[in-house]
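First subunit A sits with subunit B, and in the next complex the same chain sits with subunit C.
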Partner chain A sequence: MITHLKLFTTAVKQLFQPPLTVRWPEERRNYGDRMRGFIVNDRSKCISCQLCEAVCPAKAIKFHLEADGRRYPGIDWGRCILCGYCVDACPTGSLQHVNNTEIVWTDLDVYKKPSEMDPDDAAPLPATKSLI
Partner chain B sequence: MDFPSPLSGDLVAALVFPGVLGIFGFLVVAIWLERKLVARVQWRYGPLYVSRPLGGLLQPVADLFKLVFSELVLPRHTNRLLFAATPILLFFAEGLPVVFIAAAPGVVMAPHSYGLAIAVVLVLLVAVLMVAMAWTEADKFTYIGAMREILLTAAYEVPLLLAALAMFLLYGTADPHKVVEVQSGLWGVLLNPLAFVVYLVALLMATTRFPFEIPEAEPEVVLGPYTEYGSTLFIYAFGANYVKLYVLSLLGAVLFLGGWLPAAGVLGVLITLAKMGVFVLPAMLVRAIYPRYRIDQALRIGWGQLLALSAAAVLWSLLAAWIW
Partner chain C sequence: MQKTEWPFNLEVGRTFFVQSEEELRGGGRGLTLVVGPQHPGSGHMRLFVVVDGDIIVDVVPDPGFVHRGVEKLAENRPYWTLIPLVEKASIMDSMNITYPLILALEKALGLEPPPRAKYLRVLMAELSRVRTHLYDLALLGVFLGHTTAFMWGFALMDMYAEVFAKIAGARTTIAYPVPGGVRRDVKPDHVEAVKRLLEVTRRKLKDFKTLFLDNPVTKARLEGVGIVDAKKTAELGVVGPFARASGIDYDVRKVHPYDAYGDVDFEVVVEKDGDAWARTLVRWREMYESMSIVEQVLKALPEGDVIDQALLFKNPEYRREGVGGVLGVYTYIYPEPGEYLAVAEATRGATLVHLWATGLQRVHRMRFVTPSWRNLRAMVEAMKGGRLADMPAVYMSFGYFPPEADR
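Right after this comes the complex of A and B.
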């Protein structure tokens, strides 16, 4: 009897705790500035040294030829483990993490093709409205 | 009771509370409350997206709509008429005891001097329909569920009956109005706390709430007696359980908590509704508290402690009535 009363009082106490879960997408957790989110490349700083490709443990980075005649690192997001080795290896700081892990690909081909992420695409999504 | 002229007490009882509107309203509110309470105990939000200002209250309504428009499957190997009829019968049979229970003075469909006793018996008889439903479904899970239902019924039936009997002996009547009148001094829960405890546990068993959620144990027998149903028939089959909870809470409120006292009329109805919460809220909350008992454990509780307690409650009542 005492045990059951204890169980009930515990449950009632828990009832008034604020929820821990996040109502995504209206609510987002703040992960801080040093979050290892998606990786973007600043082409004006990139020197195409290929160190990032060499250091990548998941073999996610492939260099591809762009219209300006230079090669840039493209990341296969199906392989990337967001470890950040490429960011550390980058001698000019052109590869950078963004504070965002919530990116949606609407096209499978774009997702599969190793390409750089446009920094604009890496901006956080605008909050979606609720249904009612 | 004085209502506007076209509305007499029994009409209000039949259409509003404790009748049709009460039952269907309870179905929606109880399902919402159950999900919400369990979610809050587990530090979640619970249903929220449908009707955010109301805290997701319309989620069960949306679910009901979804169920109504989903495909209705009547398996060929069953007796299809019975297959479709039994859940509907079950639903309304579970609601039948409401006819004899008063929610306020005069607000009763069929006033009868043995009203509450008839209600108790009707509640206990419905287990037969549940077994019939499981049998017409012709499925191994429903069969196992039905067997478990029978075992559990055997465990709670006698204590529930004895708990009610203890109160009838104490009050010397089973007329809902007189039962409440007798309680104008002290409520039944104080006059015979043993019977109240037995009634509460038997209520959890009868509505297969969590520690005794044995017939529809999801990891073991899918959904027990309700397994084969979908669409509207699922609403009737599964809703029957909530209707039973509704009926037993109403009965408990009248038997143990003084019904509509200390008010009468519309306020009395509201008070009865609030007192039902004393039975409904724990029944919702246990889902977040307890794991499931094994069948033998539940039976041991039913035939052991609960039966002993209910017998003691009857003795207590006899003594109290003798002294009184």
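Right after this comes the complex of A and C.
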């Protein structure tokens, strides 16, 4: 009887706790600034050293020739596991994660083709709710 | 009753489509039931259960539905890419499951992590241990029909996910350690977050206990169910909390302390009974031990680098603020030829990695033994002789995780 009473009071106590659920997209979880979201490349810093391609565990990075005659890394998002090894390997810091994991492709061909993320598409989203 | 060979006497591909009722008969009065491989009920695996009435006479497990060939895949890629590969075996427990690989690679490359990195690894390993135990207990709850325990376990677990994301950058597959150190240092606000996390966990676990462990129904469902005694446990090679629940006092962290485990003080939790209740209690008490280890680590956290000087010396440019940033250095260091063996205590038991290095960056062979695989036989033995209704309780009391077992 005592146990059941305790069970009941514990359950009732929860009614007065703030909810843990997140009302997406009005609210978003705050994962801090290290969250390994999508990756953008700052071309002014990139030295085309290809280290990012060499360390990638998923073989997701392919280099493509651009109009300025240099090669830049493009990421195949169908392969990328967002491990962040390329970002850690990049000697100039030109590859960076953005705090955004919510990007949708409507065209599978674009999604599969190694490409650079448009920094506008990958702009960080407001993160408001922390559980901790 | 004689043991049945069904369904292994049928050709492949026919086992799934039972043509007539005779095929289902396991011989004698038995009836063969197929449990799984749908996810709710048995995880990604199938059990052929022969029942007589509602007593389980025989169980034939059919694992391998989520086999990804980690060992074979490892033969064809450079050693540093094995970390994200191996951690996928147990994504919640990614720090612990990659631990033996990291230790073996460090031996092969001749690297030694600085003290701060060792402490940070232990910190993350113990947080993952609490998190994985919460996950397993939540699933045990829902297997018993206790949906509240499931919700509570997962909600608590998500707080750990948030702290992981803040420190390491990902909710689950953190790929945090690298040979020679860790990838990210912790900042003061991360330490605060971990402290808050422990405080919230302790507070919530008290209520969780009232709702789940102290609930008379939970105890009635688990006590005396699926007993495996100490002798059988040893014979079947059970590891981790499931061996400790049968009275076997063995923990790799105590027997062969690696990294900072020699410096922290903790107790190896042992229970005597060997039933599902004991296996639940061991894991419950281990969460408190892990939290005390985390507190000790935070208190004694040494200052300094988080990456071996030898790596930084090779190319100082790679060092960046708050980021290890050394991944590029691995592309020009090579493991010493030889065989390297390392064992670490993951949440569900001892994990082993055996590396054969030939001096190339691609290892010749990697043997990877995971705890769930070692515990499968004991789980099946524990089910025999019990009632069919107790099968889910026995299943999840072993914390069996098919992706980890099938790897």
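Please note the rule applied: the second predicted complex is superposed on the first by the 123 of 132 C-alpha atoms of A that agree within 3 Å, B and C clash if a C-alpha of one lies under 4 Å from a C-alpha of the other, contacts with A are read in each partner's own complex, and residues count from 1 in each chain.
Note that in this section contacts are C-beta pairs under 8 Å (C-beta built on N, C-alpha and C of every residue); 3 or more make two chains touch, one makes a residue touch a chain.
Computed from a predicted structure; not experimentally measured.
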#### Entry: Side-by-side fit of subunit B and subunit C on subunit A, or clash
fit
### Of subunit C and subunit B, partner touching more subunit A residues
C
### Task
Figure out whether A:Leu7 sits in contact with subunit B (first) or subunit C (second), or with both, or with neither.
both
#### Entry: Contacts of A:Arg23 with subunit B and subunit C, given as first, second, both or neither
first
### Message
Going by the contact rule set out at the top, does A:Gly69 touch subunit B (first), subunit C (second), both, or neither?
### Response
neither
### Query
Closest pair of CA atoms, one in subunit B and one in subunit C, after superposing: how far apart in Å?
5
### Summary
Contacts of subunit A common to subunit B and subunit C in the A-superposed view 7, 10-11, 14, 20, 130-132
### Task
Using the touch rule from the top, collect the residues of subunit B that touch subunit A in their complex.
37, 39-45, 48-52, 282, 285, 288-290
#### Entry: subunit C residues touching subunit A - in the complex, by the definition given at the top
77, 80-81, 83-85, 148, 155, 158-159, 162-163, 165-171, 173, 175, 183-184, 193, 196-197, 200, 207, 210-211, 214-216, 315, 317-318, 320, 323-328, 330-331
### Task
Provide the residue numbers of subunit A that touch subunit C in the complex, in ascending order.
3, 6-7, 10-11, 13-14, 20, 29-32, 34-36, 51, 54-58, 81-86, 88-91, 93, 97, 130-132
### Message
Looking at the complex, which residues from subunit A come into contact with subunit B?
### Response
7-8, 10-12, 14-21, 23, 130-132
